[in-house]
Structures are given as C-alpha cells and as structure tokens.
Amino acid sequence: MSTFIDLYNYWIFIFLMMIGFYIVIAQGNLVKKIIGLNIFQTAVFLLYISMGKVKGGTAPIIVAGDASYSNPLPHVLILTAIVVGVATTALAMALIIRIRKAYGTIEEQDIHEQDASL
Amino acid sequence: MKHSLLLTALLAIFWLALSGHYVAFTLILGALSIALVMWLNWKMHISDERVLPPLLLLRLPRYWMWLLLEIIKSNIHVAIKIWQPRLDIQPQFKKIPSPWKRDVTRVVHANSITLTPGTVTVTVDKDSFLVHSLTDETMQALESPEMKEQLEKLERFQ
Amino acid sequence: MWDTLISYCSYALLLTGSFLSLTFAIGLLRFPDFYTRMHAAGVSDTLCAGLIVLGLVLQAGISLVTLKLLFILLFLWFTSPTASFALARAAHRAGYGVNEQQEASSSNS
Amino acid sequence: MVAIAVAVMRDLFAIVMLFGIYSLLTAGIFVSLDAVDVAFTEAAVGAGISTILILSTLALTSREEKKSTHSRFLPLLVVLVTGATLVYGTLDMPAFSDPQAPVHQHVAPRYLDQAQQETGVPNIVTAVLASYRSYDTMGEVTVIFTAGIAVMLLLSAFRHREDEAGNLNDLSHHPVLKYVARLMIPFILLFALYVQFHGDYGPGGGFQAGVIFAAGFILYGLVVGIDKTRSMFSDSVLRWLMASGLLLYIGVGVVTLLLGGEFLNYNVLAADQVKGQHWGIFLVELGVGITVTATMIAMFLAFSEVRRPE
Amino acid sequence: MILAVTAIALLVAMALTLARALLGPSIFDRILAVNTFGTKIVLFLGVYGFLTQRPDFLDIALVYALINFISTLAVLRFFESGQLVMPKDKE
Amino acid sequence: MISSHLPVLQVILPLIAAPLCVLLRRSSLLWLLSFSASLGAMVIAWLLLQQAGSSGVISYILGGWAAPWGIEYRIDTLNAYVLLIVTAISSVVLLAAKKSIEQEVPQQHWPMFYASYLLCLTGLLGITATADAFNVFVFLEISSLSSYALISLGRDRRALTASYQYLVMGTIGATFILIGIGLLYMLTGTLNMNDLAQRLPAVAQTKTMLSAFAFLFVGISLKLALFPLHLWLPNAYTYAPSIVSAFLAGTATKVAVYVLLRFIFTVFGADYAFSVLPLAEILMLLGVAAILFASLSAIYQDNIKRLFAYSSVAQLGYITLGISFLSVSGLSATLLHLFNHALMKAALFMALACLLYRQGGVKFSHVKGLGRQMPWTFMAIVIGGLSLVGVPLTVGFISKWYLILAAIEQGHFVLVAIILFGSLLALVYVWRIVEQGFFSASDDHTDVKEAPLSLLLPTWLLVLANIWFGIDTSLTVGVAEHTAHWLLELPAPVMPGATP
C-alpha cells in the first residue's frame, strides 16, 4: 500500500498518458489527434519533472545560504522536449490546413474514402 | 517628443524595477533594450501622444482613487447578491451616453464601467455605450452625475 | 508592534480576498446566463486580485518584489476589463442573449 | 479530469479551451514541483502558442467533429497494454521525491554543487541548458528552425493577396482593445528583453523571451492588423532572422573551435573561465531568442494569412 | 498559515471555475471561465511564491497574465471575424 | 588540429549549410552549397572510419564538459560505418537532386527544400554520432520534422496525409523513446550511454528497467518500420518527391536500425536484452512476418514506388532477422544488409526518379514498353532488382549469403527456406516490372527520351556500386565482421585497410 502512495505522481502521469494516447489512436479527427498527442507528451513531461523533485527542495536557482534543491537536469530535458512538442504541433497544424484544402475535410475516415475511390 | 521622453522614462523605471541587478552589464543591456523597444515603437507607430498623453498621468491617480471606492462599494453589493439564497437580480441592457472627444477618455470610461462589478460595457459606439447591468442599483450608479464629473476633469486634463 | 499590525492588516486583506474569490466562483456557477456570470467572474476578480496582491505587498515590505506585485496588479487591472469587454462584445455580436429568457434554459447559442 | 472531458467532447472549439486550461494546470503543477523554468515555458507554449495555432487551424477547417465509427476495441487494448507496462515499471521506482533516489545521486549533484563556480550562473537550469548541455539546446533551436521553415514551406503558397487582406483586421476597429494593446506592447517587449537577459538569475532565458517577444507582436497583429505586422516582417526578413539566430549559436561553437577548444567550450572565449562562460551563455541565449521570436512570428503570420475556405 | 488558507480558497475557486468551463453551456461561458481561471492561477502563483519563501518567481505570474490576455483575444478574434460564427445546434 | 574535431564537424557541416540555404536565392548556388556540405560530410565520415578502425573508439566531448555531465560523441566502427552509408547516399542523391526537383518542386520552395534536406541529414548524422541518450531524441526530432516537411512536398495530395500519418506515428515513437530514456535516467541518474551501460547491471532486476526496455524497443521499432508498425512507410515513400524517397529509403530506417543495435548491445547489453524478453524470438518472428507479408503485398502493387516501399519493409525484415541470431555471421549479415540495402534501394528509387522525370508517373500503366525508349534507366532497375533478389555478383547476394550462413549455423533450416522463398517473391515483383517495361505492348510513348544525364549518372553510380561491392567485398565484409565481433564482445579481427 505504501508503494501506492509513494508513487502517486506516477500514477497520475500514467493515467494522463493513457488518455492522451487513446485520443491519438482512437479518434478520427485530425486536430483532435494532435491535441491528444499534446496531452500524451505533457504527461511524459510530468514524469520527468516528478522524478526531479526532492522532498523539501526548492527550485534550482542558487540562493545564499544552505538549501536543498530539486534536480535541474530533468527540467533542462523537458524544456527541450516542450520546444520539440510545439514544433511538432505547429507542423501538424500546417499539414492539417493543407489536407483540408486538398480534401475538404479533416476526418480521417472521409479522407480514406476519398483516397479509396480514386 | 514629449511623449517619447515619457515612454522612455516609464520603460526605464519598468526595467529597473524588474531587473534587481544593478551592475554595468545589465544596465547597458537595459539601455540597449529600451532603445530597441523605442525603435520598434517608432517604426510600427505603436504608442504615441494619443495613447499616452503626458498630462493625463498627473490626473489619473486621483481618478483611480475615486474609482477604487466605487469598485469596493459595488463589490460589496454584488457579493451580497451572490450569497442571497434567492436570486434577486434584474439583468438589463441600456444605452448610456459617452460624449467624450478623446479616445483615452472613452477607453477609461468603458473600462471603468467594466471594472465596476455589476456592470459591463458591451459595445462602444460613437457617442454612447451599450451597458449590461446586473441590478437596477448598479445601473443607477453609472448614470450618477459624479461619474460624469470625474470624466470631464480627465478630458480637460489632456 | 508595527510589524504585527502590518501582518494583521495583510492577513485581513488576504482573507477578504480569498472570501471574495470564493464568492465570485459561486456566483459564476449560480447565475443564470452568460452576462450575469460575467459580472460575477471577470469583473469582480479585479477587487479580489487587488486585495490578495495588497496583502502580499504588506508581507513583502518595501522591495522589488512589491514593485513586481504592483505591476502584476496594474497589468490585471488593465487587461481584465479589456478582455471582459471584448468577450461581451463578441457575445453580443454573435447575437447571444439580448433576451435572457431565451437562453437561460437552453444550450443552443 | 480535463483530459477526460477532452476525450469525450466533440465540439473541437471547447476542447481547445479546455486544452488551454489543461496546459495552465500542468504548468501550475510544474511550479509546485520546483520546475519554474519549465512552467514558464509550458505556460507560454501550451496555453499561448499552441492554443493560438490550433485555433487558427480550426478557423480554417471546421470545428465540429464527426462521430467516429472506428472500432474502439483495438485502440483501447493498445492503450491498456501500454499503461500496464508502465504500471509494471513503476512498481520498482524509487518513491516520489525521495532524495536518496539514484537520479539525485549521480550527475545532478555536481551541477548543484559546482555549476555556479564553473559558470557563474546561479540559475542551474540555465547553466545546464546553455553550457553543460548546450549542444542539446542547439538541437532544440534547430528543431524550431526546422518547424519554422516547414510551416513556411507548407503554407506560403496559400497566402492572401493584398486586396483580400482587408477583412482580416478583425479587432482593429475596436477602440478599447486597440488602445490598451498599444499602451501595453512596449512594456511587453521590454519585459521579454528582461526575461532574455536575466535568464542567468531567475527563471527565463532565450526561449521564453522569444515567445514573449513574439507574443507582443502577435498582440499587435491581432489588434492592429495582420497586414501591418506583415509589412514589418516580410518573409525574407523573418527567414533572415531565423537563420541568423541559429547561425549565431553555431557560430559561437565554431569560434570556440577556432580558438582551440572543443565545440561550444566557452572557456576559451576569455582568459577567465567564468567570463568566457558568461559570454558564451549570453550569446547562445541571444541566438535562441532571435530564432524563436522570428519563428513564432513567422508561424503566426503564416497561419493568419491562409486564404479561408469558402 | 493565512497564506495557505488563501491558496486553498483560490484552489477551490479554480475548481468551481473549471466546473463552469466543463458545463458550458455556451462557448462564451467557457472562454469566460478560462479567462477567470487564468487570473486565479496568476494569484495562486503569487501566493505560492510567498508560501515557499521564493517570491522571486513573480515573473511567471506576470507571464501567465500576459499569455492569458493574448490568448483570450486570439480566441475572440475568430468570433469577431465571423469565422467560427456560432456552432450549429449540437447533436 | 582539424582531425581531432572531426566527430563534431561531421554533424555541424550540414547544419551550418542549412540556414545558409534559406538565405540563398540562386538555385545553382543552393545546390552547390548542399552538395559540397554533404560531400564534405562524406569525406569526414570516411576519415572517421579509418580513425575508428585503427585507434578504436574516438570520444569527443562537446562544450568541454567531461562525459556524464556534458554531451559526448563516441565514434566506433559501428557508427562510423553508418555515418559513411548515410553521407554517401546523401551525396549521390544530391547529385541528381537539382534536375529532379526542378520538375517536382516549385521554384519558390527550393531554398527550403535544400535546407530541410540538409537538416534531415544533420539529424540522422547526429543520432548516429552521439553517445548521449537524450541527444538521440533531439536529433531524432530534427530529422523527423524535416522529413515530414520533405514528404509533404510531393505533388499528389496523398503526400499530405502520408506526411501526417508519419508525423503522428513518428511522434508516438519518439515519445515512447522519451519515456524509455526517462525511466533509464530515473534508475541511474545518467544519460550518457557508456555510463548507462556501466550502471544498468546494478538495477537489472528491476521491473522499471524492463519496462524502459520495452518502451525503447517499441519506440525504435516504430521509427524503423518493423513489421506491424510499418504502416506509415509505404505511403510516405510513395508520395514523397522521388529524391526524398531515394534519400529516406537509403538512410532513415538504417539509422533507426543502428539506434536499435546501439541500445540493445551497448546500453542494455546483449545478455540482458536477450534474456529478459524473448527478444530473439520476437525479432525473428517479426522479421519473417515482414519478409513474407510485405513481399506478398509488394507483388500486388501497381505503383512501382509503392512496390519498392513494401519491398523495403521486407528488407528490414531480413535486417532484424540477422540481429535475432545473435551470432557473428548474423550480425554481419545485418550490417552488410544495412549498407547493401541502402545501395540498392537508393539506386532503384533514383531510377524511378528518372522515370518520373520523363513520364510524370510510375504506375505500371506509365511504363509499358518503355524499356526500349529508356534502356539505361531500365537496366538500372533490372540490376537493382537482381540485387534485391540476391543474385550473385550483386551486393544483395553477399548479405543473403551471410544470413543463410547464420541460419544454418544455428540449424534453423526453416528460416533458410523462408529466406529463399522471400527471394523468390522478390524475383516475382521485379519480374513484373521487367515484363511491363520490355515485354508489354508499348502504348503511344514512342517520343519518350532517355532520362537526362544528370539523373542517369548518379543512378548508375549507385548501380555500379551495387556490382562493385558485390564483387570486392573486402571493405564491407571487413568492417561488418569487425563490428559484429566487437558488438558481441568477442576479440575482433583486425580491420582490413585500417592503417594509421
């Protein structure tokens, strides 16, 4: 039982990740898929940040005096990952706009039907 | 010109307040940053006399004091309405006149109305606002001569 | 003596602020239509914000933090009514609820 | 909670709003987990840029989602398997926020103990980002750059012609907004520069500053008019800025190479190590800021100028 | 102590606002809720900074306020331009 | 002085050229810049291979920070070899790019096209050179984002959906990899691969490590287009501009295979990887499934590009099959096939670029009877195809030979049969093209000319390489065997030609 409580942050992360992942693979709407992807990625960010937390620590900006700080490395990694995430989102959105122009729809199914009928 | 000086001064204050590191390097960076912002401002016509009339700044604090009182009064009023077990509100739209010549005054007027709980400016027309009000009392407060007086003073001070 | 007075003042401000924030959140849920909710939410946040920020200012004493807090407050007081106003205007232009009977009941917009 | 609602709802627009809240909440959680820099970025990106981009896309496509007739079984199974793998993995994880966890024993302590002496930067996140792992950060700038040119590549052919641009200045005949925005933009821009140059001391740095700087112009574009913003930032100006930021970053690396150090070893930039680090970090952060600003503005403009479907 | 009370009050208020955002019913209600939510989170961050004795994180609160404002405007822009006029009645 | 900085120059050279491309307007300059950057990278890769062969592992610390704190580049024969493959293919493909994109990509997009191409190259090289797990993720995304952009440039509107599909699956893959790296970091507190390898055995019993391994494996498999996760590949290759198909087919999946090898053998260690999960069985099963299903699918395609895309999935099956034997000859087969498949697929897709240049399409209906009008192009396809089948005197033969050897060594005679059957299937689909080209009644394209020299030359360069390395195997087999020994931690034979 104690494991369960000790790890609660990770359970939250897993829960969010599963929802996000589900949206990505189960939804037919292209925009919504990307939103799901974002949720999925944000969940992973949460995993990283959680592991960097130290009990009683504060943000890793050194101040005078003795203090314990949280681990800065995951923060750095996730900063990079967030940027990568937004870059992917932007690119996906541009693609969706083009797809909509080419097909007139942003539903996966309609697109498949149109392609199949060619 | 006057305006540029004023804006530069304000920006400098803003920078100094934010920075908290008063060594030569950051101060030089601050000066460069302000210069960059002023250049962009000039290039893109973002802010000019009409947006930030220098004289207004002198008058504005007194207006704010008055407004603050109004806000507190109406806040209490609305808070009571919310906690009342039975909803006792009279939502309504009304046009109220806003005969001000200058943009600044009109903006201040419109935002003052919105800031005061219980009333919201919905649209701004040439010489009137459409206002939505939660109750009769809040609407009456808007039409009080006091508000008009305060705004007139503002208009004169530009 | 002076310190205690200041901290009591600050506590009073903070508590009133929190009380107001709760009040308006309840108003947000209780009021029947969009415009009235707006009164509850966007508008009243300004005082609630003011009280809390002032409470914090008293805690901080005279320092750069105070200035930053005041900037935040000023910023909120500039943007919040502007945003509310823009929202109200958009809703109005979209033809939303000039007559509130019509929509208190339904979800069509 | 929010995430479930996102999964269930079908009004895409509402979903985006909720997504904004989700982002803000996540950012709040980051703050409570001491990751202030990350929260800074997530707020600016998730609640800001991503939301705006997704909204622009919705405006150009459609906002109602059709009911999906997909089979839900297979996706659910995949998700459950993934989740189960993770749950299985968590069983042996060190407890949350345990200071004895291996993560806090290796590599990280050195950053916390020595980074300030070695780089002269009290914000360890900045020190690691811009010095210890600055090569990663260069990759990050490259990713942003790539996305920027990709968006230009995809959307530039669908640009409005000048005469059509008229109906785009939506909020520009909105006196109150216009006024407030004009009043605030100089301060927003200055604030961005402050964030840029104070990343050493507090949360912030090139990326966040770039986003805020761009946000200033996005506000300008929203309120005063897209075409006015465009006249300031033509495609070639933006490209030039995007490339120069990245080149500045790489350039610092090349200079350190020529001075006899390893790539991006700032120590060789000045006689004194801390001074060299200071200059190096300053310059690469500037590079990041420039590229990010230009890319964000470019993306915003590209999305805003796409011809609307009839 | 008082700070903690304030923080909790703000959290409760945030939860209630979230409920409004989820309930809707109209899109404007949601935007309103999001906007209010943003303000609340700004305040919360301020209080939290004091709670953890690191008030120098106010910059983040400032950024939140800024981003919140801009994204609200961005949202509204699409209504003003008649783009996403009004949703057809759902379902 | 230069020689000590080669590892980083390898990646930086194309990276510097990319933003410069965006600033240039003249198309000849653009091409020249890109080509010289790529060629320079190839020369560096060659030098690195020499260095790595003679002096073992080359380590380069970036930013001057020692390894677990800073990021490190570690070049050994394995990644020097992959670097050489990637840069060589890239350079040859770029030779033809100028002509080909003139027709397939609108002029306004050229600067961006070259920039994306170089960024993709940078990303692939970065993944290969680095010894830092998180750095892999960053460069993976650089290459992925630019390849999404490149694919979406295809003229068919399906290029857009193909790119979108690839984006979603690629991002899921990358995020899985990110989760895996995160879990590993959680267990050890380090991101450096070498450091990881030293610290992981201590935590080898944890469930967390197992799930980290599972996530990494699935994530990389998505990028690698391993059999059930290959869905993005056929569309992406089919609708991308032909230059892009040639480049990606020759490089992207190869690098993914490299990452898989790197994680399995260097980070986790073969002992761990093959004992906790039935990895050998999984890889073998998926490899066999890929060979059979993808080859069968290829037979039923009427678009030649798509046909070859499916064939790529099948060839990746051979490559993973080689890993599954966990023996020197098996791994040698994998490594050889990395190189050889890159050569043949690049050659074939380049030949298709020639066809596309003249005919505007590569369906069977487009190529009926063209064998007489475009003999050189078709000869290229035939030789490339034969190499795909595995006919002696071509490179395809060498790798299949080693693969069969490995199967026999372990007594998997069923697998030998399957490999031979796969070759038979390959023969069928290659024959279909030949039949259409030479023995089908020519429609009314008597006026179609042979492809321009600037396209044919690089194509034939690759074709001749196919034959050359099929006959003179000293370089490839030498490197592959050396590396295979090294991966399995057996005493390695001296690499031929590696003189300091």
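Per-chain residue numbering starts at 1, and chain names A, B, C, D, E and F are given in the order in which the chains are listed.
Quick note on the criterion: contacts are C-beta pairs under 8 Å (C-beta built on N, C-alpha and C of every residue); 3 or more make two chains touch, one makes a residue touch a chain.
Because the structure is a prediction, the values reported are computed rather than measured.
K.L.:
Going only between touching chains, how few steps reach subunit D from subunit A?
P.N.:
Step count on the best path from subunit A to subunit D: 1.
K.L.:
In terms of touching chains, how many steps apart are subunit B and subunit D, taking the shortest path?
P.N.:
The fewest touching-chain steps linking subunit B to subunit D number 1.
K.L.:
Identify the chains in contact with subunit D as well as subunit E, in label order.
P.N.:
The common neighbours are A, C.
K.L.:
Counting only C-alpha atoms to place each centre, which chain is farthest from subunit C?
P.N.:
Between subunit C and the rest, the longest centre separation is with F.
K.L.:
Looking at every pair of chains, which two share the most C-beta contact pairs?
P.N.:
After tallying contacts for each pair, the winner is A-D.
K.L.:
Starting from the mean Cα coordinates of subunit B and subunit E, work out the distance between those two points in Å.
P.N.:
Measuring from centre to centre gives 21 Å for this pair.
K.L.:
How big is the gap, in whole Å, between where the Cα atoms of subunit C centre and where those of subunit D centre?
P.N.:
Measuring from centre to centre gives 29 Å for this pair.
K.L.:
How many Å are there between the centre of subunit C and the centre of subunit E, using C-alpha atoms for each centre?
P.N.:
Centre-to-centre distance between subunit C and subunit E: 11 Å.
K.L.:
Taking each residue of subunit D in turn, which ones touch at least two of the other chains?
P.N.:
36, 58, 86, 90-91, 93, 101, 103-104, 107-108, 111, 133, 136, 139-140, 143, 146-147, 150, 154, 171, 174, 176-177, 180, 183, 191, 201-203
K.L.:
Which residues of subunit F are in contact with two or more other chains?
P.N.:
Expected reply: 134, 138, 141, 145, 148-149, 152, 179, 185-186, 191.
K.L.:
Spell out, as numbers or ranges, the residues of subunit B touching 2 or more other chains.
P.N.:
Only 14, 18, 20, 110-111, 121, 124 qualify.
K.L.:
Kindly provide every pair of chains that touch.
P.N.:
Applying the touch criterion to every chain pair yields A-D, A-E, A-F, B-C, B-D, C-D, C-E, D-E, D-F.
K.L.:
How about subunit D: which of its residues touch subunit B in the complex?
P.N.:
Touch list, subunit D to subunit B: 175-176, 179-180, 182-183, 185-187, 189-191, 193-194, 197-198, 201, 220, 224, 228, 232.
K.L.:
Using the touch definition from the top, list the residues of subunit B that touch subunit D in their complex.
P.N.:
7, 10-11, 14-15, 18-21, 26, 29-30, 33-34, 36-38, 40-41, 43-44, 46-47, 51-52, 103-104, 106-107, 110-111, 121, 124
K.L.:
Provide the residue numbers of subunit D that touch subunit F in the complex, in ascending order.
P.N.:
Residues of subunit D touching subunit F: 85-86, 88-94, 101-108, 110-111, 131-136, 139-140, 142-143, 145-147, 149-150, 152-154, 156-157, 239-240, 242-244, 246-247, 250, 253-254, 257, 260-267.
K.L.:
Which residues, counting only subunit A, touch subunit E once they are in their complex?
P.N.:
Counting only subunit A, the residues touching subunit E are 58-59, 61, 63.
K.L.:
Going by the contact rule at the top, pick out the subunit C residues touching subunit D in the complex.
P.N.:
The touching residues are 75, 78-79, 82, 85-86, 89.
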